[in-house]
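Below is one structure, written out as structure tokens; comments come after it.
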């Protein structure tokens, strides 16, 4: 089956993720959407890797996962701490600084 | 390589500024004397320069110095003076001591102590050095700033490298800014902080106006670099190199580029000069600042603008200058009439003088762009004379204001009864301002008018009307303040003191001398002007019936 | 000998410098010093005069070149003097009358604590005036021209504490400035036309250039002359100038400065001869002014203002004569000289009267003074006879010649001018007789007029020093004042005859101004007879009006013309409404414009940037998601743009 | 085709592992040339160990020591490399093509390291905050995990806890930046980005005062940062898809169509420019986000304001340097072939960035936000230099970055000094009359402001001139004009602050100026010194930047 379809899927996933970031209030969900975007990238990488028949893409994918994991650590830490002080995980509540 | 006279002339006041600023708070008087001393040394150096300068020499710039500075920008530290520059440098060096003397007590506390750190900054001293001298030293700061301005002005007169000129042309704004914003004549009609607001408004206006002008010029400077870099391989800012390159046809700037660059430069100078309609910063600045500072602005700093038109606009962009001449002449004439009319309408003595200056700058610019030897000689002479006469008028006005504590003309009347000498000197200053024959400004003004008339009769005639208006605002001012019955608050006003006389008398003497025997100055200027005209290649229009020929015929 | 010329100016200039800078120390003998230097310069003048008489008449002009003044490219102005017969005439008149008036002032200003300064100013005036007449080029003349303006400014406003005086001084200077514009433009024109403005070359070259240019120059010169010589339309300052001390009025505003215009025109004769239109303008101005002034003279009750009006009118005669060209120049100057004598005499007389009358100036409060101040009466009387042109006295000769010349102009123009001058003569006779009668004859109206009438101009401060406002005790003035009057009286009587017998004056000036007789439609005798006739008419009219019936102390409302004339024929109203008011409006609106418009634009830009900034920063609403939106949108745009770039 | 690709196409460090063991070839790593990075990261790890092993009291000293030594050593290494001509003649691609060691890399690494050194000083400052329970405290939270204002925090403060972890975090960030500027393939770029971003996210959350704002800043920075890096990553994916490789050189070749042999797959993807353009745009976006260019700038003010001021200073200075480094490399090495596509776009970005930053700054009322916007505007100026697309452009940008970073760092250090009861008094109204009350601080801050405004004789002017000059030579005259205009606008608000400090009356309840220890003082002094030296005698550094103007490929 034509690998290009995977690309479409990746693009779709990426867009969904982005939309989620724009629409959802809950920090955790937003964060998950970002993860989704990353994974969309992974899919794209793997697909291209397959198309070009070299492994760079796959390697990229692994690294992306690692990075994603690291981001989770940091992200959750920050989100949790802000949740503890505000008792809310809504990104919109965190808007002390504006203008 | 001979003694770097030109550098020395700038270094002395700069050092003076540092020294003055470093004097501890307690010895205020010492600071004053030190400042005066340094300014006098500068004056001596200027005198030496005048002597060393040879008006008849062939080369365009004399006493030149040239050192590498920022090779990557094609910038060299190049100094040199022609007849015009040397005269203006002398004028600057001459006026500063009087300014300092006149401002002797103006900056004594209580006054805002801005400058303290300020000249710190101007002096570019390492910050930690400041720690050693914590306390306010307004007086020290005031005089340090004045000297700093002197140094920068002198350098910008001497610079023959466009970039070098630009650097000081801009940097000069900072000390000026703090002089205007930091010290007021406590003669405001408003409450303390209302005046403070007024002052800082004036200071900010001054700075932003000039900064905007400067930045636009910066664009042009960059453009100039790009152009030279294109044609010459390496960009350069050296006036002479560029002039030679143009002469040899090696560098040719497309008409449009030249015009754009010209406009960029001219805008900055027109703001500085100031030319209508870019003048509105001047009345605020002169009105709010102390009189010595006001004199500094109009008599010294603004001259850089008109000088730069003569040196940079005309010499770098001759074609564009000719292209722009009609518009500029019109603006100049507007300045002349407009400034004079507004001067008539003023209620505030200092603002009146400010508008008068606007009118006079109109004459100067008119002379420069008339592109005749009379016009440009007149313009240059005008810069000198206007410097002296305004200084005289403004400083006396300052003495008057400090006595009564008011700038409003309406608060005065009948001064001549109680303080005849003050009134007399004020009148002479005024007569100089309305350019009465026998006093220096007459000559320059008449030359400008003749020069303009011989090429643009209509404009010349309109400009001539300006002399009536000048008489109007000067005499109205004199009548309202000095004559008539003695107003309340004027009785027992003391006459000029010794210090004040030492300020005024030499200036007046100079006015008379230059009015009767300007030859020494014109001899300096004439060749330089001739050179400028040859760059723009313009000849004076010939008289249609040269009387000499008629004589010969007979 | 020629090196002496400079000293003519130097002496009084020195005096001015010393007196003005000298300070209080000189108060005691300052006036003597001033007088001495004035006299010195008279002596120098006299010496040079004798020397000049020695020369043959075509080589009498002397030159002295001091130094190069403004050497700039093609523009060469020198400080150099030229003393020819014309200049010499003026030098003698100025220094002579000047010295007399210095002497007179010693007494007149006795009680003024600023007398030293007064003499300083007088010397300054002499210096400037002499410079004006001996300069050898127009630019230097211009210096003198403005110099006398300054001196007159200082002297009119000598009693600065009087607002009226200060205002009058300012007005005089400003109106003169308007004239000066004319002069400076004329000089520029000369420079652009001839490349020089030295008398010699310019006047030589007049033949070579277009009449249009010359006409322009001529008109500009005329404008200048109008300003300085108080000719219509720039005459309005002269009346107010009477605010100055009387000696000033005598010297500057009667004898010398106001005649500078005549000098200028005569000096530039060559130009005018080549520009008939300009000449027509000149004669018109002269004719109008001589009637105009005369009418004003009839209406004024202030003795000095009446005389001022007369001065205007007499100078009108001279200008008219000068406008006639070669037939008139000589007589213009001759009338100028004689007028210098008798008008100065009249003013000094007036001053003497005021001196004795607590500085009362309203003639309606005089009357019958002849027995109280006989010398004044006689000298004044002689001046009076001279000015009305009583046969045999100097005025008769000079004015008669002008009238002849006017007719000799020929054609209708000649007739018009001639009749005008005759009419002028009649009016002159009328108003001078009026002055005479009001002042020295009739009943003593000052008796019970203790308090001065409110509308009379506030008097000179010498009065306060004497400090009496009670009924005046008319008395003769001190010697220092009467002697000059007597001398001048002699001048008024004999000068005319002296000049005219054998046309001495004509021969004296001819080499400079040129002269021809023209062809008068009337014979000299007819003219003379008609002159005498109108004279009699004028006198008898005046006598009928003021000699027979008593004169009301408060002026009657008078006819429309009279009322207009009292206000300088509405000239002042015009000035006030059009110039003063209009000017105020203009400046006020300009101030507004400058603040609101020119400055407004600047502040406006600043404000609008601020507003924009305020609006833009609202985008920064603190919501992370909206930031994300902008990033997302930004990326979209970025991508779209990149693709677009490729597409196009 | 087979899953095991032929070795030709497999050449990148990362794919070595894919080889079957017998063919295993150990990658050769030029440790010498990578030493700066290695040193810094090593120091960072030591820092972590210190946190793990040393007693609380001893950590501060040890951490400070390690960081200073580490950074200094790394800087020494950079100098060493530069002296060894690795910047010029010996410039090359190291670590199997992952890292480029060339002029720009070394220059920027040097700058970053110097900045970080100064930043370490400001991090370590313990004199400004009032002594809490007998121990000096820095500007970082006693215990980040504790709820703001909660019991835990109180106890932590009483116990005198301090977050010394900031030092290793800082070092990791620095390490990441060093790699970022020299990354020579997209993967390295991405990893480096994350390596220096993640610590910064954490650092932002660690403020001792106003912790809520601090945490908010962190969360915003984190979410948006992650968001942008996702875009970056997708962009990378597309580029990879286009070129079949993530190595800069390779991609460039493909873009220029200079590849040796073209596989059918490659032929197919090469044909599809959309991949290239979109991918390029997205990668650009990721970098522009870090640069803080409009419209990707909106995180800047909030984060700058909320983060602890030393961190803000570090971010403002170092991040910008690193990000521009990467941007330059991407545009000059990977996409020069696309110049005619990205140049107009960047043109637009530069213009809106210059104007937007300057205009919005005009109405700011908080010093830190003001500086944030000013940094945006400056980003615009630097972009103008980037767009010049010539050697002068590169060196101008390098010089500008060097000059600017020290000014910024100094300015933020001054901000840390001005305090009242609530910690730093950053609201402008509180700065009224500051210059009168304490001349020195006022003077120094004025110098920095004037440098920002680009007044001659300050480094700001030299930098601005260099950039504009390059832009003009690169035929971007319009940019110069816009730049000039926006500098005029910018001047307005810098001047406003000066007026406020000097010409307005001090407020009774105005802030006090804390007397800093030698650490911050030296930071500020260095800032002033650099500002003036680069302003008055910039020639040497211009030459330096000039020599460093060439990228290896």
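Letters A, B, C and D mark the chains in the order given here, with residues in each chain numbered from 1 onward.
Just so it is clear, contacts are C-beta pairs under 8 Å (C-beta built on N, C-alpha and C of every residue); 3 or more make two chains touch, one makes a residue touch a chain.
Predicted model only: the values in this text are computed from it and were never measured.
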Would you mind checking which chain's mean C-alpha position lies nearest the centre of all protein C-alpha atoms? B
Counting C-beta pairs in contact, which comes out ahead: A-C or A-D? A-D
With chain centres set to the mean of the C-alpha atoms, which chain is at the far end from chain A? C
Cα centroid separation between chain A and chain D, in whole Å? 24
Taking each chain's centre as the mean of its CA atoms, chain A sits from chain C at a distance in Å of 97
How many angstrom lie between the centres of chain B and chain C, each centre taken as the mean Cα position? 38
Take the average of all CA coordinates in chain A, do the same for chain B, and state the distance between these two points in whole angstrom. 65
Interface hub residues of chain A, defined as touching at least two other chains: 18, 21, 30, 91, 94-98
For chain C, which residues are shared contacts with two or more other chains? 606, 617, 620, 622, 624, 628
Mark out which residues of chain B touch at least two other chains, giving numbers and ranges. 208
Pairs of chains, among all present, that meet the touch criterion: A-C, A-D, B-C, B-D, C-D
List of chain B residues in touch with chain D within their complex: 68-73, 112-114, 116-118, 120-121, 124, 126-128, 130-131, 134, 136, 166-168, 170-171, 173-174, 178, 181-182, 193, 196, 199-200, 203-204, 207-208, 211-212, 215-216, 218-219, 222-223, 225-226, 229, 235
In the complex, the residues of chain C that touch chain B are 20, 67-75, 79, 139, 142-143, 145-147, 150, 153, 157, 160-163, 165-167, 169-170, 173-174, 177-178, 180-181, 184-185, 187-189, 191-196, 198, 201-202, 204-205, 208-209, 213, 583, 586-588, 590-591, 594, 598-599, 601-602, 606
Note which residues of chain A are touching chain C in the complex, please. 18, 21-23, 25, 30, 91-92, 94-99
Quick check: in the complex, which residue numbers of chain D touch chain B? 435-436, 439-440, 442-444, 446-447, 450, 453, 455-457, 461-462, 464-466, 468-469, 472-473, 477, 480-481, 483-485, 487-488, 491-492, 495-496, 499, 502-505, 521, 524-525, 528-529, 532, 535-536, 538-539, 542-543, 546
What residues of chain D sit close enough to touch chain C in their complex? 219-220, 223-224, 227-228, 231, 273-274, 277-278, 280-282, 284-285, 289, 295-296, 298-299, 301-302, 340-342, 344-345, 348-349, 356, 359-364, 489, 492
